[in-house]
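Next come two complexes, and both contain subunit A; in the first it sits with subunit B, in the second with subunit C.
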Partner chain A sequence: MATDAKARIAHYLSGFFPVTDLKDDDDLFALGFVSSMFAMQLVTFVEHEFDVVVENEDLELDNFRSIGALEAFVGRKLAATAAS
Partner chain B sequence: MTVKCVVWDLDHTLWDGILLEDGEVTVRPAVLDVIRTLDERGILHSVASRNDHDAAWAKLVELGVAEYFLHPQIGWGSKSEAVAEIARRLNIGIDTLAFVDDQPFERDEVAFAHPQVLCIDAAEAASIPELPRMNPRFVTADSRARRHLYQADEQRKQAEQGHRGTSEEFLAKLAMRFTIAPAQEDDLQRAEELTVRTNQLNATGYTYSYEELDAFRSSPDHDLLVAELEDVYGGYGTIGLALVERGAEAWTVKLLLMSCRVMARGVGAVLLNHLIRQAHSAGVRLRAEFVPTDRNRTMYITYKFSGFRELEQRDGVSVLENDYSRVQDDPPYMTVLVKG
Partner chain C sequence: MNGLLTDDQRSALEEFRAFADAEIAPHADPAHRAQRTEPAVVKALADTGWMGLAIPAEYGGLGRDAVQLGLLAGELGRACSSIRSLLTVHTMVAHAIGRWGSREQRERWLPRLATGELTAALAVSEPGAGSDMAAVATALTREGEGWRLDGHKKWITYGETADLLLVVGRSAEGPTAVLVERGTPGLRTALITDLIGIRASMTADVWFDGCAVPGENLLGRPGLGVSHVAGAALDLGRYTVAWGSVGILDACLAASVDYAGRREAFGAPIKEHQLVRRMVSTMYADRQAARLLCLEAGRLRDARDPGALAAASTAKYFASTAAVRAASDTVQIHGANGCGPDYPAQRLLGDAKVMEVIEGSTQLHQTGLAEYAFQESARARRPHADAVTADAVRRDR
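After this line comes the complex of A and B, so read on.
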C-alpha cells in the first residue's frame, strides 16, 4: 500500500516536472515556480486520489514538499480516517 | 449579480421555425438585436438546443451568427446539463447564467435543477436588455472585447490539449508577459468590474466602488496595483488587482484577486510573489487578510504555499503573515515587468 501510494504520487507529479526520476526527498517547491493552479491541483489530487479531506490546518508546505512528505501526509490522513 | 452569459434555445427562440422539420429558418431580428447589444456590454452568449448538432451548427454559420456563441451545447441531452456544462467550460458561476427558451417545460427543468439560473420566456426576449441584471455598471474596453478574449482562451486550451510534454513546457511556449503597474485613473472602471465579477480568486471578497478605489490610488498609505497579461495568442486584458495598505512596520494585502480566465496560468502567485519581495526589501512584515468563502480556496492555498501562516482570526477575517522563508524568483516561463 505504501509503495502504491508513492507510485501514484510520483506518476502524478511527473506530468508537472521536467525531470525523469524525481527522488523521494526532492523539494518540489525548489524545483520550479509554484503556481496557484499547481498548488490547487496538487491538493485536489490528494483529496480525490486517496479520498481524504485536506483541512486548512493541513495546508502547510511541509505536507506537500516532496514525494516522501506527500506519502507520509497521506498515510497520516488515512490512519486518522481509519481510527475514527 | 450581473448576468455573464445568456444561453439560447434555437427552434422558436433564436429563429422562427423548427430546423429539422422546416429546413429553412430565419433569425428573429429582435433576438439578433438583443445578442448584439449584450455582446457590446461584455455579456457572453451560448446555445442549449435539442437538435442535430451538425445541422444546427451549419445553420448558425450560414446565418452569420455562429461567432457569437461560446461552447454551444447542441444535442439530445437535458438543458439543465447543457447550462451546467457551459458554466463549467466558461469557468463562471451558474448563478451568472440566463436561459432563454420558448417552452415552459424546458425552463422549468432548468429552474428545478439550477434555481440560481435566470430563466426567461422567449416571448419576452426583446426586453432582455432592459433587465437590471443585464446592465453591468461599467462597460470597459475589456468587457467589449470579452468574447474575443474567451475565444483566444479556447485556442490556447486546444493548443494545450494537443501539447506533449509537461505543463511548464507548454507555458514556456506561450511566451507570457505579465505587467504590474500602479492603477491609473482609466484602470479604475475595470478594477471595480474585477472586484464585482471575481469570486473564485478573490482573497477577501471585498468589493470596492470606483470612488473608493480612486481614493486608494491617491492615498500615500496605499498601493493599488493592476496586472495585465499577454501571450502569443494576444492580450488577456487587465486580469489582476492588489490593494496593499502600507503601515510603518507591516504592509497588509487587503485585496488580491485574479480573473478566473487566467487561473491555469498561475499568475495569482506571481502577483503575490511581487508583493512579498517588495515588502521583504522594504524591511517590513507582510500580512494579508483572507475571508474564506465556498469558492476561494485556491487563493487560500496560494497564500499558504507562498509562505503565509495564520496569525489571528477576528470577525471572520483571517490575518496571515509571511515568514519570508521562501522568497521565490519569478517563474522561468514568464517575463514579469514592473512599472513604477
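After this line comes the complex of A and C, so read on.
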C-alpha cells in the first residue's frame, strides 16, 4: 500500500519537475518549478487519488513538502478515515 | 449540447434560460447605460435561490453540480455580463469559505450567502497587484486577538454593494485571507465608472483604513491566502467566466443571425454575402467548441479530477478569446448600427474584452497552458504508477 501510494504520488509529480529521479525527500517547494496553481492542483490530486478530504488544519507545508511527506500524510488520513 | 446533459441539467438549463430572458435581458442595456445594477435585479436572482446554487444543501444552498452552475453562468452571461459577474464573485467567495472555512465560518456565512441575504465580493487586486496576486501590499497586522487591515483594493467587482468582502492582505506569514463585513469602521468604497465593459458591475475602489478584523474572520491559514484561498476561488471564477463567455458567444450569434437576415444591402439580405457568412460560421464553430470545453471542465470538476484546473483554464482562455472575435464580428455585421446605442453589439464587444482580462489574463493562461502541456508530456514519458508499483512488488518478493 505504502509503495503504491508513493509510486502514484511520484508519477503525478513527475509532470511538474524536470528531474529524472525525484527523491523521496527532495523539497518540492525548494526546487522552484511550481506554478501559482500548483498548491491547489496538489490538494485536488491527493483528494481525488486517495479519496480523502484535505482540511484547513492539514495545510501544514510539511505535509506537502516531499514525496515522502505526502506519502506519510496520505497514510495518516487513510488511517484516520478507517478508524472513524 | 442537450444530448450531453443529464435530465436534471437539461431541466435546469430550461429554467435558467427562461429566467434570463424574462428577468435579466430586459435590464441589460439600461443597466449598461446607467452603469449600475438595480437592486431589484439582484433580488430577482436571489429569489430564485440560485445565488446558492452550488452551496451544499447542509448550509442552505441547492447543492447542484458544477455543470449546472456553469449553465446558469452561461445563461446569465448571454443576458447580461454584469449580472453574470455578480454570480461569479459571489460564488467564488462562497466556494472559498466552503473549501477552507471552519465549521463555524461555514455555518455563519453560507446560509445567508445562499439566500442572497448577503452578497459577497473578492478583494484581491490592487493598483500595483493584478495578475501577480502574491504582490498584494495591503497590510494585515496582528492586533490583540484579531487583525488590523490597511490598504487599497482596486477593480473589485460588486465592491460597491457587497455585504461581505474576502480580502487578501499581507501578514508577517505572507498573503493571508480575511473576511470583512460592510459597515466595518475604516472601510470605504467608491464606484469606478466608464469601464469598457461590464459597466453595471458596481466595480469599486475599496479602502481599508485601520479596519479591525476579528480573529474568527481569518479564512484559511496565514500565508496561504493566495496559494489556497484565492487559488480555490480563482479556479471557480475561471470556470464561470468561461461559461459567461459562452453566453456572450450565444448572444453574438443570435444578434448576428437576426440582423443579417433582416438587413439588406446590394439587393439582398446581407446573410447572402459570403464574407458575412464566414463571420457567422466562425462564430458558430467557436461557440460549439467553447461550450464543449466548458462542459468538459464541469464534468471533471464534478468528478473532483485534478485535471479540472487545467480544463477550466483551457475553457476560459478559448471561450474569452472567441467571445472577443465574435463580438468584434457582431459589430462588423451590424455596421454603423453596431457602433451605436440602439443594438447590443457594442455592449457585447466591451463585455467580451473584459473576459480576456479578468480571472487571469489571456497571456497568463497561455503561459499556464504551455506548462500543462509540458506536464502531460513528462508524465507520458515516465512509466505509469501501476507499472512502478508492480516492479516494486516484484522486488519486495
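The definition used in the following text is that the second predicted complex is superposed on the first by the 81 of 84 C-alpha atoms of A that agree within 3 Å, B and C clash if a C-alpha of one lies under 4 Å from a C-alpha of the other, contacts with A are read in each partner's own complex, and residues count from 1 in each chain.
Here is the rule we go by: contacts are C-beta pairs under 8 Å (C-beta built on N, C-alpha and C of every residue); 3 or more make two chains touch, one makes a residue touch a chain.
Since the model is a prediction, treat every value here as computed from it, not as a measurement.
Student: Could you tell me if A:Tyr12 is touching subunit B, subunit C, both of them or neither one (first, second, both, neither)?
Tutor: A:Tyr12 contacts subunit C only, not subunit B.
Student: Given the touch rule stated above, what does A:Asn56 touch, subunit B (first), subunit C (second), both, or neither?
Tutor: both
Student: Considering only the touch criterion stated at the top, classify A:Phe45 as touching first (subunit B), second (subunit C), both, or neither.
Tutor: second
Student: Specify the partner with more touching residues on subunit A, choosing between subunit B and subunit C.
Tutor: Touched residues of subunit A are more numerous for C.
Student: Just to be sure I read the superposition right, which of the two partners does A:Phe64 touch: subunit B = first, subunit C = second, or both, or neither?
Tutor: The first partner, subunit B, only.
Student: Between subunit B and subunit C, whom does A:Asp4 touch in the aligned arrangement: first, second, both, or neither?
Tutor: After superposing on A, A:Asp4 lies in contact with subunit C but is clear of subunit B.
Student: List the residues of subunit A that touch subunit B in one complex and subunit C in the other.
Tutor: Residues 15-16, 18, 35-40, 43, 56, 59 of subunit A touch both subunit B and subunit C.
Student: Help me check something: in the complex, which residues belonging to subunit A touch subunit B?
Tutor: These residues of subunit A touch subunit B: 15-18, 29, 32-40, 43, 56, 59-61, 64.
Student: Which of the residues in subunit B end up touching subunit A in this complex?
Tutor: Against subunit A, subunit B makes touches at 165-169, 201, 258, 263-270, 292, 297-302, 304-307, 326, 328-333.
Student: Residue numbers of subunit C touching subunit A in their complex, please.
Tutor: 100-102, 133-134, 220-221, 224, 226-228, 231-232, 234-235, 303-306, 308-309, 313, 368, 371, 374-376, 378-379, 382-385, 388-389, 392-393, 396
Student: Which residues of subunit A touch subunit C once you look at their complex with the stated criterion?
Tutor: Subunit A reaches subunit C through residues 3-4, 7-8, 10-12, 14-16, 18, 35-41, 43-45, 47-49, 56, 59.
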